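Quick notes on the structure that follows.
Letters are used for the chains, namely A, B, C and D, taken in the order the chains are written, and counting of residues starts over at 1 for each.
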């Protein structure tokens, strides 16, 4: 007594074509080429677009892995939705704190950072303390304030 | 959506009386301890969850009473400051992680979801059992930590305090981390069940609204819980070894901790309250014998709350040093969550319109719930109004607001569900009179407990205060008095329900004459839910129209 | 009217410009909330009564909302909520953007007290003096964990984050004394971390400020003919702090109350200590100076004689500067209740 | 729906259909959807670290560039290549499982495991170098070469994310070992029964996917 579940459409979405193994080798080669490119450009230490470029290449590689190694190209419907939503949430989750840090009152950002006018204080060079925290000074009145 | 009323056959009648003897109910199908502890039956797992969840509710409730007694006088009353700080932390932790989050999904969700979808079980029954044991393991670890030194950070674990406190942070955090897995597993299970296990006839927009609510809840559980898991591990490691991820002395940002914390913990509020909304959609439809007014609007608003609720977290941080711009962004998104909740409220009231109301215990809880949700929700909007929150943040106004939502909405729904589905789960009826009396006591006691706390917050009393200036005393005494009334109500419930469990009269298959899908099988259901052929579901749930004059307009 | 509403809602007296602004919205929002809850509740009650069940298995009509109804359900709350957000965000921007001419006060929270400091002194503990009708910007920081500076009568609150500054401003409208509470959980005595704001009329504030700046320095050194030759106290404290670091004092003495090889400087000055020979001594300038020059002379119970002498390593003014620095770290003990009067110590 | 596999193995054993599923297709679909959901939680787990990374990189760009250069880019790239190749063999294992070639499945998984071990060994050398020169998280940092505020934070993020990733490598290895043992002992993978290999390999691809992003984030700032 099989339960004929209402998931026919999803089953259609799940249909997988069986491809030859050659396809995986092609993807692999593409991934290696992209790795080589990112290695070379990474060596150049481009100042502003270095990380951006590297991340674009990484996204391309990630898409290839997800689509063909993980068969997202074949798994449609809910599977794609799940993956897409998780990526969307990662992006949105990143944007909000960055927007906060970038627009905060500058005194509220970690001292010594790009968005703060306060000097980081060297809190000691020994192994137990680590270096360059924003250790607050014992008395506030001496720290420069950021307007 | 047009219900296919042309099919004259009633929904489904799979169970025949003559089969009944061969298919014992799930309660008696196997009576050994082993048959309970190693069961993969969603109903038995739901019942075991019910047991543990109620136990932890009792523990959390005792902590709550201790807090209220301590606050009777401005100075020390029954405990010292450290004990008090641990007590409110444990109250928060037990209530949130051990009671509130699993309460409705893991108990009633587990029990009802397959029944409502016409399925024999959830998609992954063994994972379902695993989630129970993960939950218990995490609970044991957390409670062990609580007993061995306790934790005094408040349930929010804000750094840098949690990184430096000498109380046992790490075991409790790891315990909460493990409980998170249980929540994730339940979420995955429910989502997959909704996608793959629906019986013929149950299309997406014929799923009962409780299922929709659970679906939205599960989405939140799956997407948000991993983040708090990571964060708890980070804080635990920081507390143990000082790696300095959020240590302001090394450039770390405590506000980043708050961002990540509330990325989970704000949606967690919807993990707690969305199932409550779902339960109430069922209860109001069943007891006013009406289809839900604006079914699609309610279903979509569940998803809307789940999605928008994710991006409103910054309203917990308006005065934390967050930027004004971010505060504006989060403030505006908070308002949207309010709109989605308003849609639900209006549609519930609309459901009663032209209905046939039977004022039974679950419905009494619905009345309380409606008031608490509106008042709690609107005060939530008030708190989300950026400038007002500057004064209210971290005062008793906040405490009162979230208790209105968590106790007012969720526990009312939990009790309504317990009463509504009691005959479904156990096949017995409780005493209706006592039910109404205790419902009245609880609703009154609840108001008496928390309305003074709103006023306390207005007056400026901060939360987590062991001692307080004397001008706050009168309202605190009022609140404690209300809490004792509330406790009394719970004791009555415990007594008559326990009595009904043993001596209650047989309820019959469908004592409420409800047309929810879960009532189409026996009460209590047999082990695999249905006897005989696979039921089909031509009608939408809660379709109470007289078939003879079934002229139905198009729904929105 | 507003007074009456404030009394019903238990709101404390509104004593700042922001409080007056925000109370209007408060009344609007809370009023709407109550009307709405009552409205929904009454509508529901009416329906329960009007549509009570007459037959056990009564059939009902199939009622679904029209698009217009649903639109109404969405748009009415949305309009209200967005209006509140608009007004609220305007006020929030107001309170987080201090005017250019505001007076700065540094606020530091620490477990469990509030320290206040004006840019040119004085500084003090648990009582903040501000002039009425003048914008005051608070630059708030913390020394240990998160705290939150909350003045109910001003309706302002801002977290104190260690190692960072947050800012908020207010303009007090009425002279008087207002309570300050800590609203971010900060450990054992979180609920005892109270302070107060004393709002003085501008003239009185100026007088107070002048007195504080002269302070006890004047009393002590009034024998000196020319006070202008004395280095400013604030400079001396600063110098003392630098010296304490460079001379290695801080290797053994902490300044945050934690115990180390030597006693902490925090709150050391003016304390009475039991010596190893059984006598009591008050830690004053003389004792501190002697302890630097001849550390073993009078040891306090519980400490080893391990400190090297600074005889010849420190010049006279340097010794004085370190003494001043230690004096600046004196703290009254955490009080059980809000203070009764000014607790300021002028830096001498 | 039976046509979902084009090259059917002749005597492919059919796996047990759980009593509550309608058909094998639905059962496999459920397993796959469940796996995707689980992978989504894994992505969100790492997302927490990505946010920490993003915020601190945004605040301390110079320290992060300098710290990133103290890593060995060549070793990182070699590790990337190793992991990508192991992903290829994992994908091929699924391919052969569908064709019922159980021997080939075992060989491909063994290759994957071998490369996973290689990855961990290289990671070990990178770690021990850092322990040696003192580029360690938070208060353990004692490297004199980079004296910029924020540098210890970089290594907090570095160690936490690579350790978490390493943990996932270990879990992935355990999962794949199960499939390998089954391919060797029972040898019952075939066109109707390859879900176990498929899910294990999906997990392995996720491990690869995370590394593909960690690599530029950590090595190529």
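Operating definition for what follows: a contact is a pair of C-beta atoms (placed from the backbone, for glycine too) under 8 Å apart; a residue touches a chain by one contact, two chains touch by 3 or more.
The model shown is predicted, which means the values in this text are computed figures rather than measured ones.
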| item | value |
| --- | --- |
| More contacts between chains, B-C or A-B | B-C |
| Centre-to-centre distance between subunit B and subunit A (centres being mean Cα positions), rounded to whole Å | 33 |
| Whole-Å gap between the CA centroids of subunit B and subunit C | 38 |
| Intercentroid distance (Cα basis), subunit C paired with subunit A, Å | 39 |
| Subunit C and subunit D: spacing of chain centres that average the CA atoms, whole Å | 49 |
| Where subunit B touches two or more other chains, by residue | 119-120, 195-197, 223, 227, 244, 247-253, 255-256, 259, 321, 324 |
| Residue numbers of subunit D (touch at least two other chains) | 20-21, 26, 29, 33, 37, 40, 44, 47, 51, 55, 59-60, 138-140, 149-150, 152 |
| Residue numbers of subunit A (touch at least two other chains) | 2-5, 7, 10, 78, 85-86, 89, 93, 97, 101-102, 105, 108-113, 120, 130, 132-136 |
| Pairwise chain contacts, counting only pairs that touch as defined | A-B, A-C, A-D, B-C, B-D |
| Complex contact set, residues of subunit A against subunit C | 105, 107-111, 118, 133-136, 138-143, 145-146 |
| Residues on subunit A engaged by subunit B in the complex (per definition of touch) | 1-7, 10, 78, 85-86, 89, 92-93, 96-97, 99-105, 108-113, 120, 123, 130, 132-136 |
| In the complex with subunit A, residue positions of subunit C that touch it | 96, 104, 106-108, 115, 117-119, 121, 123, 139, 141-143, 161-167, 234, 237-238, 241, 255-256, 328-329 |
| In the complex, subunit D residues that touch subunit A | 1, 3-7, 20-23, 25-26, 28-29, 32-33, 36-37, 39-40, 43-44, 47, 50-51, 54-55, 57-61, 65, 69, 73, 77, 80-81, 84-85, 87-88, 90-92, 95, 98-99, 134, 138-142, 144, 147-152, 198, 201-202, 205-206, 208-209, 212-213, 215-217, 219-221 |
| Subunit B residues touching subunit A - in the complex, by the definition given at the top | 118-120, 195-203, 219, 223, 227, 244, 247-253, 255-256, 259, 263, 310-311, 313-314, 321-326, 329-330, 533-534 |
